[in-house]
Amino acid sequence: MMSDKIRLLIWNENEDEKRFPDTLKIYPGGIHGVLESFLKDDFAVKVATWDQDDTHGLSDEVLDHTDVLIWYSHLRNEIPKATLEKLVTRVFDGMGVIFLHSGALLSFANILLGPSSRRGAYREQGELERLWVINRAHPITDGVPDHFEVQQSEMYPEPRDIPTPDDLIFISWFEGGEVLRSGYTYIRGAGKVFCFLPGHSTFPVYYQPEIQTVIKNGVRWCAPLKKPPIQSRSGEVDFDYRTIAHNI
Amino acid sequence: MMSDKIRLLIWNENEDEKRFPDTLKIYPGGIHGVLESFLKDDFAVKVATWDQDDTHGLSDEVLDHTDVLIWYSHLRNEIPKATLEKLVTRVFDGMGVIFLHSGALLSFANILLGPSSRRGAYREQGELERLWVINRAHPITDGVPDHFEVQQSEMYPEPRDIPTPDDLIFISWFEGGEVLRSGYTYIRGAGKVFCFLPGHSTFPVYYQPEIQTVIKNGVRWCAPLKKPPIQSRSGEVDFDYRTIAHNI
Amino acid sequence: MMSDKIRLLIWNENEDEKRFPDTLKIYPGGIHGVLESFLKDDFAVKVATWDQDDTHGLSDEVLDHTDVLIWYSHLRNEIPKATLEKLVTRVFDGMGVIFLHSGALLSFANILLGPSSRRGAYREQGELERLWVINRAHPITDGVPDHFEVQQSEMYPEPRDIPTPDDLIFISWFEGGEVLRSGYTYIRGAGKVFCFLPGHSTFPVYYQPEIQTVIKNGVRWCAPLKKPPIQSRSGEVDFDYRTIAHNI
Amino acid sequence: MMSDKIRLLIWNENEDEKRFPDTLKIYPGGIHGVLESFLKDDFAVKVATWDQDDTHGLSDEVLDHTDVLIWYSHLRNEIPKATLEKLVTRVFDGMGVIFLHSGALLSFANILLGPSSRRGAYREQGELERLWVINRAHPITDGVPDHFEVQQSEMYPEPRDIPTPDDLIFISWFEGGEVLRSGYTYIRGAGKVFCFLPGHSTFPVYYQPEIQTVIKNGVRWCAPLKKPPIQSRSGEVDFDYRTIAHNI
């Protein structure tokens, strides 16, 4: 019998784990490991990493069985353009995506959503971040207190020049004096996208219950709908934009 | 004495003019010609085309003197990636852009704003399009009636899967039974973007007073602000995202 | 054993039923009757009408057991202010609301959402309305084709001057030449609101499968979340705005 | 010769001035006085107060000559309903409004925009507020640094449950640990509305150059457009919603 659980693919660049020894001290199984550990009961989870195979864990076979993709990237930006195009098309066809931490500001996110800031400012001092719920009605905040704290976080400051989100859900207050839109969503075609910024590979953010609740809610919110195909009407000519260069 | 007029660069692919003889029957000076004719009194206008030189009319020298760029493209999609990157950065730094007609759904727009539909449906029968003002308070509608007609237009149907606009200004009704979000805006960094869909190179759309008023209003609305530079704060590390591959 | 079904209250003004004999020809059980008939299997449904009792069917007892309220109003606008205030507060505390047809443009909607147009234009000729899905990712469109037709509908034209929706989901094309934002949502506090415009008491709109699917999806989307109460922080003074006149 | 300056009406409740002696120490001419002092060179300014006459300074004669209204209210909420209805209709017809400080969360704002939070939390300790520009392209931020400080401010915390703004412009960081959407806009019909939250009658906020620049930009942004009247189409029936009870 087939499970009717949402099929979740956790993708991790798996590079912080190699370059920064502290990452494996905090997350002995890597960031994909900690994510899998708290998501595997609720969802049908698979894990993929950059270094896994020559598709970087993103073969058609794997993607054909993916409803929602969690994306953690930080340092690597040489993902082949054909792979990114394939992912963008999957999102337009309904696959949900959750961009975690810096993944929300890098290559795949910038190509799918439009680029954000040209300026990559950050501060890495393990300061306090307090997240405030701005949209109390959004399913991603189900069971989440109106504000909660991450004791040690990397700070990304506004103005971040992100494309105006469809839903702004969290705003973060940082100890050092900055604010950040830190949880927000977009639609792209039939696909839903959730960006969730708190984190850092050497801070234990993903062990925190509120963070785990938000990510679980995000997976449920991102799951694809059952949609009949688009019907052409009389006199219409149709072509596939993907046949045109530079069109992702 | 320097003029304080907004410096407008009209960029035309200038390809319909070569492939479709009807284009030059309707617009003997090309699409860039008709645009220049009704914009040159209000703005300090320059014209550029794809075939003009090896920068395609988009040299740094030209862009350094551009406040707002009008972009008409349809068939060519091989604009060099370095040129597109340069344009994206200019927008984030404040340059306004008006995408006319199919230009709003192709390469530069898709890279700046995020991709729109994977499906390029259209109908080219010269049918009636009636534009309805949805946002009566927006400066782009100044002096524009609450609805007006384009007698012959190319039809693009919804669902168009565009990134959710910041401001939805016009919705079009088509004789054949479709609707379209046909005028809408985005911000990208310090830059403002206006997409205005009605048109076709072989229909006399750009001679119409309401269309001309909307485009003039658009240029004024898109003009850059005077902004002090962003100030870094204590402990911040800064880098330039443009140094990273795949980040436009 | 308690059901875990969403508790839905269908409220109907029940006035068209008295003034316009055709209403009962089309809907022998009233508009509340037809709504109940297709919603009662999926949800725990109660029905209330204006003329039911001196609370107009909206006692605290009833509302205490309501997760989502469907609101159909057209002619009556003398709902007591205290009742409207109570409803507004319930929405802010999480109760979902679906405004059907003219209910989206009248008293309760205007007080909850902010007023819409001062101009009440309509055309009642049973013309064709074609609804286009603009947001293919929204749960309210689950299982709904990208466009579908209502054979006979009352026409409300743009510009409608509604408060800019949080999510624009449907745009309607009317045979007579107009367009309308005809399905859209808002949040108000912890409550979600869905406005769905097609309909008229003397046209058989609510028998249509696509319309029924949209309304069922709407009920699920509107259901309240489980939210911890808001926590005050150090030094804060708190008061209840409802103690101030004119503040709904 | 008539001036073509924007005609600005500064309306002040003028009640803090009577109840809290510190107000007149900071602002000897009242809050309307300080606003007038920095706005009178750029705009054609009139001043009105609650206690001025039996129209509370809001006669038809005065409003007939008003393009933009600045509204400062805090304690009084007994403004006659007929006056509020009149103001709402003026906004829909194009009059701009700037709500300052608590005015953005009280009676006129709640009726025009839809209610905000039922919970009136605040902290009045003169703490530091740092405003961050979120929308660098918006004309209201022209000439404004990407962040600036108000040394002593009254704190209003999120979640504030405001209707989702059309444009979110500023987010504030407070010394005590909270954030606030502190500058944002709406459209209502042909009218533009800007809410700007920093302030308190006993802190010298309105002497600050950045605050003055924002308010001046706001007045320019709010000014009405020149719009042809809405044209009815064939078969339409028209009525005036203002004839219906409870419809502001």
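Labels A, B, C and D are assigned to the chains in the order they are written; within every chain, residues are numbered from 1.
We adopt the following convention: a contact is a pair of C-beta atoms (placed from the backbone, for glycine too) under 8 Å apart; a residue touches a chain by one contact, two chains touch by 3 or more.
Please read all numbers here as calculations on a predicted model, not as lab measurements.
Participant: Can you list every chain that touches chain C and also touches chain D?
Facilitator: Neighbours common to chain C and chain D are A, B.
Participant: From the centre of chain C, which chain's CA centre is farthest?
Facilitator: Looking at centroid distances, B is the chain farthest away.
Participant: Could you tell me the distance, in whole angstrom, between the mean C-alpha positions of chain B and chain D?
Facilitator: 33
Participant: Approximately how many whole Å separate the CA-defined centres of chain A and chain D?
Facilitator: Averaging C-alpha atoms per chain gives centres 38 Å apart.
Participant: For chain B, what residues touch not just one other chain but two or more?
Facilitator: Where chain B meets two or more other chains at a single residue, that happens at 135-136, 146-147, 157, 159, 161, 164, 166, 177-178, 187-189, 230.
Participant: In the complex of these two chains, what residues of chain A are touching chain B?
Facilitator: Chain A reaches chain B through residues 77-79, 81, 84, 88-89, 92-93, 105-107, 110-115, 117-125, 155, 157, 159, 161, 163-164, 166, 176-178, 186-189, 230, 232-242, 244-248.
Participant: Would you pull the chain B residues touching chain D in the complex into a rising list?
Facilitator: 94, 135-139, 141-147, 166-167, 187-192, 225-228, 230-231
Participant: Taking the touch rule as given, give the residues of chain B at its contact with chain C in the complex, in rising order.
Facilitator: Residues in contact with chain C: 130, 132-136, 146-147, 157-159, 161, 164, 168, 171-174, 177-179, 181.
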